[in-house]
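Please find the structures below.
Shared between the two complexes below is subunit A, which has subunit B as its partner in the first and subunit C in the second.
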Partner chain A sequence: MIRTIAKREFLSNLMSYKFAVGMALCLILLPLGTYVSTRNYHRRLERYELDRDAHQRELTKLHVYSALHPQVDKRPPVLSIIAEGLEERLKSTVRADRHRVPCLEGKGGRMALSRNRYAQAFPSLEIVWLLAIILSLVAVLFAHDTVTGDRELGTLSLTLSNPVPRHQVLLGKYLGGIGSLFVPLLAGFLAVLVVMNLSAAVSLSASDWLAILIIFLLSLIYLSAFFLLGMTVSSLTRRSATSLIILLAVWVALTELLPNASFFVAKNIMPVASMEKTRTEKRAVEEQKNKEISKIWETAQQRAQRGELHILLNKRDNNEKGQLFRFISPETAEFLKDAFGEFETIEVKYADKMAWQDQSYVRQLERQWWLADILSAPSLARPFSSTVRALAGTDVEAFKSFVEKARQYRLEVLAFVEAQVTSNPYRFFTDDPVEEIQKDWPRALREERISRAELGEKMKTADGDPRRLLDLTSMPRFSPPKEGVLERLSRRWRDLTILLLSNVGLFLLAFSLFLRYDPR
Partner chain B sequence: MISADQLTKVYEDDVMGLDHLTLEVKPGEIFCMLGANGAGKTTTINLFLNFIEPISGTAFINGIDAVKDPLEAKKYVAYLGEVVQLYGNFTAMQNLDFFTKLGGKKDVSKKEYRDCLRKVGLPERFFDTKLKKFSKGMRQRVGLAIVMMKDTPAILLDEPTAGLDPRGAQDFLDMLRVLRDQGKAVFMSTHDIFRAKDIGDRVGIMKQGVLAMVLDKEDLEEEDLEKVYLEYMRGWGVD
Partner chain C sequence: MVWMIAKRQIHDTVTSLKFPLFLILFSVSMLLSTVLFQFHYLQSLEDYNVKVAEMRDEFSRQAKSLVQLGANWHKLHRKPPKLAMLSASGEDYVPNTAEWKSADHGSQYRVGRDNFLFRTTTQFHWTFIVGLIVSLAAIIFGYDAISGEKEAGTLRLISANPVPRAQVLWGKFLGLAAVLGTILVVGFLLAVTAAVILGHIALEGGDFLRIFIFFAGSLLYAAVFLALALLVSSVTHSANVSLVFLLLLWVILVVVIPGTGDIVARGLYRTQSQSEVEGKLRKGQEAIHAEFEKKRMAGEVTTEEDWRRWHADLWRAIRASDSKIFAANRTQQFTQTRLGRNLTRISPRGLFSFVAEGLAGTGLGGQLRFDENGRRYANQFGDFIIAKDKLDSESLHLYFQWAGLSEKPVDPDEIPIFEETDPTLSESLKAAFVDLTILFLMAVLAMMGAHLAFLRYDVR
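Our next item is the complex of A and B:
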């Protein structure tokens, strides 16, 4: 009997205007959105490749370790086409050097994180957003008259005058409805995949296909929840028009109002310290650091004035990122060795201090996000889109994993540099070989054992000498975090549970209402 | 076949829907229930179909308690309401097939469906036409075909001729006579005094939930039903 009812419901929907509207929405908006998203992804990928190559090239031009500031880049995941998430909001390049501990950063600076994540998390034509909006709207359109429509036609009483239990009627209607919604959903997904695969930049791995399959199933679960919501409201009302008006109001509340209102409430319940306050605190720490460093340079100046230090060349190495000294006296080398050793300690100490401040700021934001997440969970649209973004690897957790990995990488780089300067302690600040330092060229110049012209020649030769470049072949390479699809899915177990439980809860509610429904 | 014993229904707003109704419709009999709007005619049908529950009394279809075992009772009764538009996107054949299957019949051939539609007088060219193009009278013919396909000993009809033109209504009643002659017990609620007199073997007059009077064939031949009905209504000082 369920099959008979489901088949009728399915065919009836297939021949309705609702189906035509659903198909049109899915087949126009989703491919269009995919086209735009694919272009955005292509642009992100190009930028990533350019940045990555530039960062690698920089490393081949270094002379001293003080200029070593490796940067690591997060490759945009291909599924960011479906769920762009925070790809355009958070920085996907972080520095992993002694000056700075990697931290989550907004593209407009660390403080940009505090902007309304929900308002921003729904950029125009993001596929997951379109899915969340279109699917729920189509489901509501399909479901609003499942019960009231039959009552108005007089077919509900005719149906129930037969020996058919009500739960079978409801289940048949549900299965038929979901079956007919499956068609535009599948058509929409196929259209998305076709448009995606038309781009040469898109290459899907086995795990991407698995993620797409899970996203499809999730969409079905999400769609089912809204369909059941429609059935529930239809079982509460007597007329289809009333049901539709109520459902449209609920739909707007769930998909738009609740996520934004939740963020607003969370912002007021758990306010984050002002940007200015955090900035001022960080500035104070920075000033303290500069003071300590200046003190060492003052000593250097005093000793230079006293004629104890002799430096013939001091220039910036690799775009102002490090100080390169050449043709220094052995005493100067000893002084700089100690000074740079101290700089290292100071930089690391203050980097940790600033990281603590950054992290405490991010922690406050995370608490706010957590509350907003909890408050907006009943929206269904939020749990759905958050889970899809997690599967696509574009959610905040994916960025946190990247930053965490970058932090580990920074420690590896620090350890590598330490090991390198243990064997050659002068390499932090000079590319002079030890035997050159021993020759004490400043003294030789003073004693006129070498002319300025000869020294000038030597300097020119030094500039072009590839042997003076840092050998970083044994430096650790950054490996991005590797998370399996199921691992990513399990991160959103709460959202998944909400989606599944809402289905069960709404079916039971619709059923209990339909049991009492007067079919006349 | 269709019987009620002290069947009573009071709605949530304390409105008396049906007050201790006791009646029996025998096989091969058409019982017409007359009454104004809200008199309790439809309430009676709804109680037989278990769409609503009585506060006391019993309703039986083919000897089965329709309150305690509604699904079993529904196997023996077919129902047709006033507003049965059926599924407009489906053809007459598809509508008939769907409701016949709901009635519990399987493996019914297309020929049987066609024969049934022919019997209710639906022109052959409309068999595979979508119902949204049908007039009310044609839809009602399909509705009657659904009733006939279910082939139950009891039939409940809730104002089935309302809105039909005189010819359509007459055709409908003719078909009802055929069903009666087949031995089916028919309970029909109606506003139409003349048709009730024309088709009914017995006519009941209901007011404010009470079955106030039952007239049999002989009474109907002797009395002017319209006069009785109106006087009775007036006598109660309402309507």
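Our next item is the complex of A and C:
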């Protein structure tokens, strides 16, 4: 019996205008949106590749370990086409800087020249958000007259006069309705996949396909929740028009008003400290650090005035933080060895201090975001899109695990540098071989054993000598965090529960209301 | 006769469920938005005042020596717009701080209590609420005005009377517009009353007038969707079909087009990437360095004073080249933004938002104002430094350079202070006028279409 009812519901839906509109929405808007966001993804990918290559090239030009501050880049995930998430909001390049602990950072700081910050009169659409809006609207359109429509036509009385239990009628209608919604959903998904795969930049791995499958199932669950909401309202009202009007009001309140209102409420009741306050606090710590460092340099200066230290060349090595000394006296080398050892200790100590400040700021942001997330949970559209973003690897957690990995990598780099420097303590600040240092060039120059011209010639050859570059073949490599699709899904267990529970709850509600429904 | 039809339409709509439903939805949203914006404004103003006080402190500290004032970088802060509750679109993104150094404008960026973990800007301003709820209400009120009557059979009866069809249509339009107007009036009155009672935002006469014009714009916006609803209703023969088509139209006009304007503009008009701009900056600087190095090698720089002049000129040239590149970059970004906005103007919601932006002095217009005010102030400040420096005979008069300005103290009270002037009423009106007119034309066009369609409508 359920099958008969479902079949009838399915066929009558298939021939309706709303079906045509649902198909049109899915088959026009989704592919168009996908085309645009695939292009955006392509651009992001290009930028990523350029950055990554530039950062690798930088490493091949270093002379001393004090300049070694590798940068790591987060590859934009393919599924960011479907859910852009925070890809354009958060920095995807992180310095695994020995002197600064990586932390979540927003894009578009002071020196962001490429970001157009004047636009954004409206937040730009994401495929997943388009999906959330279209699917819920179509579901509501399909469901609003499941009960009332039959009552108005008089067919409900006829159906119920047969020996068929009411729950079977409702279940049949539900299955038929979902079945007919399945068609535009599948068509829309296929269209999105086709447009995505037309682009040469897109290559989907097995886990991506699994994620897409899960997104499809999630869309079905989300769709079903709104369909059941429609059935509930339909079982509450007598006329289809009334039911539809209530549903549309509820729909706009749930999908648009609630998420935006909850963001704004969270921002007002749990304000975060302003960014520049954190920056000022950090600057205070940094000044302290600079004081400690300049104290050591002052001793160096005093000793140089007394004629104990001699430096013939001091320049920056490819990096504002790397100092390269050449042609130094043995005493100077000994002094610098100790000094740079101390610098490293000081820098690491203060890096940890500043990391604490950074993290407490990010924790504030996270608390505010969490509140907004909780407040907007009843909207169903938010839980749905958050879960899809998590699956796509573009949510906060994905960025956090990337930063966490970068933090570990920084420790690895620190250990590597320490190991290298123990074997050759001078390599921190000079690329002169040990026997060159023993030659004591400054004294030779003073005693006119060598000429300035000769020294200049030596400097030139030293600059171009590839043997003086750092050998970084044994340096640990950064490996991006690898998370399984299910692991990412399980991060949003709360949203999943909300989606599933709302299905169950709404079905029970619709059922209990339909049991008392007066079919006349 | 028009009046009779309108009266009946008003009666029908007001007694139906949709009227209280949308009245409550709209009023509650408006109230919530107003209350939240009051606190939001209070906090932004407090933050702004702290920053301005810091700026003054810095000035009085630097007033000990003119060179400190003239050669240092300073910050300008944008005053939080009073009427941000009307339209705060994109306010979370646009720069609110500009760095400048005497007559030079530097980079612009944003400071404040933003949260980069939110994907989109938070928009719960009046424009957002009107843009969504009122347009949806207009569609739901108007979708069955013609096709519904046909289905009920009453349209035949009406046509049997000696009433011109145009009057029937206008009666329906006016009746529905009156109902929508009532919802708008109630919502706006509640919101404005709440704003006045809470009183954190000092609203003045001009602001009330702006709110009133915004209200008129909202009415026009509602009229566009109402006319569209009547148009679709007069080409379809079933109320259901008409609603389904209107919802399709609504999703495209209200959700999709505004959300894609910027993305499409980004695809059509490319702005420079970070590395491109940085490359240009580096190239310009290298060329200037080379040129100055040549001068130095030629032996033109001999005395200590020459040396200082040379240095000052070098830095001035570099700054001029840099700011030219920055300005070109900004112009490109503005062009892209304008393109995106023009694309968004296809949608009534886009037009309506730009009307609100113009009236509230937020968004792109507010940004341009801040830019212009900042530049004017920087020039004024530069003139002040030059005038003060001329009084000192020991100074080298190398303006805005560390090595070339007077080191005499300045009276801190004399230093000009940046005061962002609020846009005058005529400026606000000018900013809103074009979009308001297009919105009006859209309503007229849709109504003409409805008129034509209804004249041919088969009432059987």
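Basically, the second predicted complex is superposed on the first by the 501 of 520 C-alpha atoms of A that agree within 3 Å, B and C clash if a C-alpha of one lies under 4 Å from a C-alpha of the other, contacts with A are read in each partner's own complex, and residues count from 1 in each chain.
The definition used in the following text is that contacts are C-beta pairs under 8 Å (C-beta built on N, C-alpha and C of every residue); 3 or more make two chains touch, one makes a residue touch a chain.
Predicted model only: the values in this text are computed from it and were never measured.
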{"item": "First, second, both or neither for A:Val36, with subunit B first and subunit C second", "value": "second"}
{"item": "Subunit A residues touched by each partner, larger count belonging to subunit B or subunit C", "value": "C"}
{"item": "Touching partner for A:Gly230 - first (subunit B), second (subunit C), both, neither", "value": "neither"}
{"item": "Which of subunit B and subunit C A:Gly154 touches, first, second, both or neither", "value": "first"}
{"item": "Touching partner for A:Ile245 - first (subunit B), second (subunit C), both, neither", "value": "second"}
{"item": "Partner chain in contact with A:Val272 - subunit B first, subunit C second, else both or neither", "value": "second"}
{"item": "Partner chain in contact with A:Pro70 - subunit B first, subunit C second, else both or neither", "value": "neither"}
{"item": "Contacts of A:Val164 with subunit B and subunit C, given as first, second, both or neither", "value": "first"}
{"item": "Where subunit A meets both subunit C and subunit B, residue numbers", "value": "none"}
{"item": "Subunit C partner contacts - residues on subunit A that touch it in the complex", "value": "17-18, 21, 24-25, 29, 33, 36-37, 39-40, 47, 50, 84-86, 89-90, 104-114, 116-126, 130, 133-134, 137, 141, 240-242, 244-246, 248-249, 252-253, 256-257, 260-261, 263-265, 267-268, 271-276, 365-366, 368-369, 372, 396"}
{"item": "Interfacial residue positions of subunit C with respect to subunit A in the complex", "value": "17-18, 21-22, 25, 29, 32-33, 36, 39-40, 43, 47, 89-90, 93-95, 107, 109-124, 128-129, 132-133, 136, 140, 144, 239-241, 243-245, 247-248, 251-252, 255-256, 258-267, 271-278, 326, 329, 333-334, 336-337, 340-341, 344, 350, 353-354, 357, 363-364, 367"}
{"item": "Subunit A residues touching subunit B - in the complex, by the definition given at the top", "value": "1, 4-5, 8, 11-12, 15-16, 152-155, 157-165, 518-520"}
{"item": "Residues of subunit B that touch subunit A when the two form their complex", "value": "42, 46, 49, 51-52, 71-72, 74-75, 77-90, 98-99, 101-104, 143, 146, 150, 156"}
